[in-house]
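Both complexes below contain chain A, partnered by chain B and then by chain C.
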Partner chain A sequence: MWTIIKNEIHFLCRNRAMLMISFGFIVVLLISVFLGIKQAEEQEKIYQEAKTHLRSQWVSIKEMNPHSAAHYGTYVFKPTNLLSSLDEGVNSVTGNVLRVEGHVQNEIVHSEASQMISVSKFGKLKSSLLLKFIVPLLLIFLAFYSVSSEKQSGRLKLLILQGAKPFYIVLSKTIAVWFYGFILLSIVVLSYTLLNLSNSTSETFLRLSLLFLSYAIYYFILIGLTIYFSTRWLRTTIALTSMLGIWMIWSVFLPNILMSSVEKWHPLPSRAEFKTAMIEDRSKGIDGHNPSDARGEELKEKVLKEYGVDSISKLPINFDGIRMQADEDYGNIVWDKHFGNLRKVQKKQKEAFQLGGIVNPFISLQNTSMGFAGNDNLHHQEFLVQVENYRRDLIKALNNEHAFGGSKTGNWGWTANNDFYKSIPDFAYKSVALTSVLSNYVLDIALLLGWLIFILLLLIRGAKKMQVI
Partner chain B sequence: MIELKGVSKSFKGAIAVKDFSLTIGKGEILGLLGANGAGKSTTINMLLGFIQPDSGDINIKGIDVIKESGETRKLIGYIPENVSLYPYLSGLENLDYFCRLAGFVYSMGELTDFLTKCGLQTEAHNRSVSGYSKGMRQKVGIAIAYAKKAQVYLLDEPASGLDPLASNELSALLKSLASEGASIIMASHDIFRVREVCNRIGILKKGTLVKEFLSDDVSANELEQLYLEYMKN
Partner chain C sequence: MKNLNVFLFEWRHFVKNPFKIVALILFMLAGIYGLHNGADLYHKQQAEIERISSEVNADRQEIINYYKEGVKGPEDRPWVDVTNPYWALRYAYKYHFKLPSAAMVYSIGQTEQFGFYKQVTFGSSPLDADMTKEIANPERLQIGTLDFSFVILFLLPLVLIILIYNVGSFENEQGFLNLVLVQYASINKWLLSRVLFYMVLTFLCVIALMIYGTFLTDVFTDESQAFMQITFLVFLYLVMWTVLFFFVLKSAKNILSNTLSMVGIYLLFTFIIPAMVHQWVSIDKPANLMTDFIDATRDEREKLYNEPEVTIHAKLVNLFPEIKNTKTAQDSILNKRVVRRSIAALGNQLTKKSVESIAEESQEKNRKIQNTYWFNPVVYFQNQLNQETRTHYQNYQDYSNNIQSAIDEQVKELVLDMYDTVKVDEKRYLNYTK
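Right after this comes the complex of A and B.
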């Protein structure tokens, strides 16, 4: 088997056209890695500058009423991920700025896609674009030629006559072409690692290894299937056309068709419906700005009883702060309910989409590639949750200061000093643990491995049924 | 060495080979003459184990080709009309590759000797075979069979398209192999080359072996007359 693999590698090394194509591919891949890293660095720089600027604005508040500060709010920026230079996943469409303020949970805005000129909306030149769409095409042509040339030239007969087992021939050819894909993949990963050595952590390497593994398995699946087709069909053009058709269905049509179907099976409410439902539920709570609100009255009675006084003016604290926090707490419950439902639907959608990997391993690759790169919906949702938690802590701290910082009810002119504002921590994002990522994509990994076994069985069958003459 | 007993084969009802029986001994060269579609290539492919006969027995050195094609293939060297080699490898590298597949690992010196023995000029050994003539590629093909210690050589239209010198060299090489004990079957249209090289000649017509005789029993002209006669009838 090794003899055949070695001979295939000889072909790749000695064929001038192949060398030129490989050189071109390697240059483009290296450019994509370099540009990806440059873009990520640029984004990180902008992110850090904006973050520092906003923090300095916040800590330089000299004197301000805490509730005014809650309305003044701040902005949280989605941090760039080191591996986004390889696969930016959903990041270009999800937005990266979120305004954090009292009373309201804002939506994340300013997606890159919304700010690009139309031609750029096809996506930036990222390594994942080449590794997912272009390299597979090259591998299909190579794998196809690898067997068809043996059949057409009549060498296949000679190979078998010399004692080469048909299964070893097809497996060796699959491995040889896969090795070529492996080299292209390694060039991307190694150049990325070398250029990011100082910024990388052990988790980065682990994520990178898993990303590498997903692509390596997918390439084997694609090459194995191409080899199978070329062994089974006598007319080589039919075999090649079929494989190109499969590539197109797998990587272009099926993901879109499946996503549309999944959205129909598990529909999300429209933005208008969602907002209306939120407003309706929110209206059942306390109006933090309306002292005569009925539910506010109940809270007032409760607080007066707690402090043993009969009027708000006798309270040693500022009741406005308590009422506003109660309003926030209720708002949070409403948010949790509606966003919880939204998440449940999204989870169902994700699970149904993952099952698409049964018929399309590209879906599993797409999921794992984004997931291990840390730019999938799981990471995005985690960011939103962390921002919301930060918002809640921030507003609670401001309301508490308003209530217990020394002011009296109705004293909207009271201000907290700079020390208080400085004491409020900045937002710090904690990335999703790799174990969570793995558990989220265990199905995709299992499906890729399932496909790998299926392809090996297909190759055994293809070898048995191979048309030698 | 080679034995075919009542072998028949048809494809979708069309008879390719019918009740074919033949025995070829050690050191014998049998020439199979016949028009296109006479069943020459089908017979060779059945001997190679790539086509299963519908009926009959095929044995090589007493081993059943149908049941143990893996074993009989070890004994066979096959030289098609166009020996297709890997164009990016040299003659030596091609020989080395095919020998390794057959489980033989030779030194460079030994490989060079094989190519030289089969008539390939020394200066061509290390050249890429993409620049080889048809005759040169055939010599490498025969060297591949020779290096794997083939005892049976099956040649399908080997002289077609060869220039007279290359054709003559091929004849000499086949005779030399036979003198070393190889059994050779050569399917061809070339009456004169077959008459010159082979000990025995068989004429195939529509899958049936219609005539078999010793080549010494007929002159080249008589053979041509005989062949045309059979083809016309």
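Right after this comes the complex of A and C.
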């Protein structure tokens, strides 16, 4: 078997056309890695500038009423992820700017896609685009050629006559072509690692390794299937066109159709419906800006009782701050319900889409590629949750200052000083540890492995029924 | 006559090839699915606009009742006074819609990147959060929706490859090409006729799909011009691929090299070039994080609010010289409340400036992309189709500009009516809502 693999690799190395194509591919892959990193760096530069600018505005607040500061608010920008230079996932469509303020949980806005005319339907020239769409095609051609050339030259017959087992022949050919894909994949991963060595952590390596593994399995599936078709069909061109059809259905057609369908099976509300429902629920709580609000009155009575006084003016604290926080606390329950609902629906959509991997391993690859690169919807939602938690902490700190910072109820002119505003930390995104979200990709990995086993079984069957002439 | 024979012969070739028939059927099914996706979005947007409109009417009726009953506003908001222009305009519930085109059935374009309804007040801006896209799963947006334009732009060339990949080469490989040459003096004409057969066949399928699309939305009634233009564009697109593939067939010798070359060209034009252009534009002009807009809507506005009323008044007079003739302006004592409530006009000037500079930056990106059209034809056709179906970036930019005009109009009404101390009645309120 090793002899056949070695021969195959020698053949690939000796073939001038193949060397030229390989050289071209390697150059394009390296360019994609370089451009991906360059683009991530440029975006990171803009991100750092914007972040510093906004932070400097916040720490420059000299004197301001804490509630005015809650309305003044701040902005959080979506950071670039180190692995986004390989697969940027959903980043170009999700929006980049999120307003953090009192009374409301905002949505992330100003996506890159909304800032220009349509360009590429399949995204930027990232390595993932080449590794997902283009390299598989090359591997299909190679795998097809590997068998068809043997058939046409009669070497296949000769090999079998010499005692080589058909299964070992097909497996060797699969491994040889897979090894070629493995090399291309390694070049991408190694060049990426070398160019990012100083910024890489063990988490990066773990993610990169899993990314590498999922692509490697997918390549084996695709190559194995091509070899199977090539061995089964007498007319080799039918094998090739069938595989091209499969490539088209797997990578262009099915993901698109399935994703559109899952959104119909598990529909999301329209923005207007979503807002109306939230406003309705919100109106049932305390109105922080309305002193005559009935629920506010109840809270007032409770606080007066707590402090043992009979009027707000006798309170040693600022009741306005307490009412504002109660308003926030109620609002948070409403946001959790509605935004939580959105997340639930999107989770259902994702689970349904993941099941598509049963008929299409490309879907599993797509999920793992985006996921391991840390740029799928799951990671995006995690970012949004972190921002919302930050918003809640920030507003609570401001309301506490308003309530207990030394002012009295109704004193809206009271201001907190610069030291207080400086003491409030800036938002710091904590990258999601892969181990904490790995369970979400188990199905994708399992389906890829299931496909791998299925392909091995197909190869065994293909070897038994191989059309030698 | 000979060409007709080739056509007829090719038809027999085609019907005897189940692989090609299946490919064409799949293409048609994808087309039908894509048309339904476009039509669904069109109907969904229409329904949403109708729903919002009826809600707005109900809300307005509530305000009209205040005027009729002599009530100043909602009971739980005693500070609201709908006879004051400031509050009357805030409760005008003025919505601005981007009405979907019936031609959306053919291309949803950039529809899903933008909002299509917006409540306009004197404090709004075209970059407000509610101008963002409808709620959608980002992974679905990233993968894209399979609409008719996707079928045309990406699947049609693939179908063409499947239909013609063996034209000429099959005969060559089987060794009877010379026999064909004896019957047809020119191999090029013979090849061209065969390729043209598949081009015509594909075009007829596309026309059939487009006609099917007219039953899903009222394209013929509302957008007959767009229908004709789209047909022409699709024809041009098909001709482009046919010509490219014809030259491949003309120069290639076997099926494998034909297929390789055609798939290579397909990947180059549909994947590599658009992706490279996209990457290049993103490096050259990274996504704008809107800090200028944030500054305009926050810090600069904050500074405005801290200015004395006299300065604000002077700036307002500079902006609207008509103010000089109003009651407040002619009073010897400046009405501070009127000035404060008119401040939105100056805020609008600030945001307008920043919105314009952001739009200009986007246009610069667009120009860069448009300059690549000569070697990036798929993106050219994609944007042309979007333009015809009014789902292009520019259509949303126009929508955004219209919103800005509506804001300007409302700001002017606010300032002049506030300065003129107008007491709003039902008639005037209805005028505000127009």
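Operating definition for what follows: the second predicted complex is superposed on the first by the 464 of 469 C-alpha atoms of A that agree within 3 Å, B and C clash if a C-alpha of one lies under 4 Å from a C-alpha of the other, contacts with A are read in each partner's own complex, and residues count from 1 in each chain.
Everything below uses one rule, namely that a residue touches a chain if its C-beta (ideal position, glycine included) is under 8 Å from a C-beta of that chain, and two chains touch if they have at least 3 such contacts.
Computed from a prediction, not measured in an experiment: that's the story for all the values here.
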item: Touched partner set for A:I4, first chain B, second chain C, both or neither; value: first
item: Touching partner for A:S153 - first (chain B), second (chain C), both, neither; value: first
item: Which of chain B and chain C A:G245 touches, first, second, both or neither; value: second
item: Chain B versus chain C as contact partner of A:I358, first or second or both or neither; value: neither
item: Touched partner set for A:K350, first chain B, second chain C, both or neither; value: second
item: Partner chain(s) touched by A:G163 [first = chain B, second = chain C, both, neither]; value: first
item: Touching partner for A:M20 - first (chain B), second (chain C), both, neither; value: neither
item: Which partner, chain B or chain C, touches more chain A residues; value: C
item: First, second, both or neither for A:D376, with chain B first and chain C second; value: second
item: Residues of chain B defined as touching chain A within the complex; value: 45, 48, 50-51, 70, 73-74, 76, 78, 80, 82, 84-86, 88-89, 93, 97-98, 100-103, 144, 148
item: Chain C-facing residues of chain A, complex; value: 28, 35-36, 38-39, 42-43, 45-47, 49-50, 53-54, 57, 72-73, 75, 77, 89-90, 92-97, 99, 106-107, 109-126, 129, 133-134, 137, 141, 145, 148, 237-238, 240-242, 244-245, 248-249, 252-253, 255-257, 259-260, 262-263, 268-272, 274, 276, 287, 290, 292-293, 342, 346, 349-350, 353, 366, 370, 376-377, 380
item: Chain B partner contacts - residues on chain A that touch it in the complex; value: 3-4, 7, 10-11, 14-15, 153-155, 157-164, 468-469
item: Complex contact set, residues of chain C against chain A; value: 19, 23, 26, 30, 33, 37, 44, 48, 51-52, 55, 76-78, 109-110, 113-115, 117, 127, 129-146, 150, 153-155, 158, 161-162, 165-166, 255-256, 259-260, 263, 267, 270-272, 274-283, 286-291, 294, 298-299, 302, 361-362, 365-366, 369-370, 379, 382-383, 386, 392-394
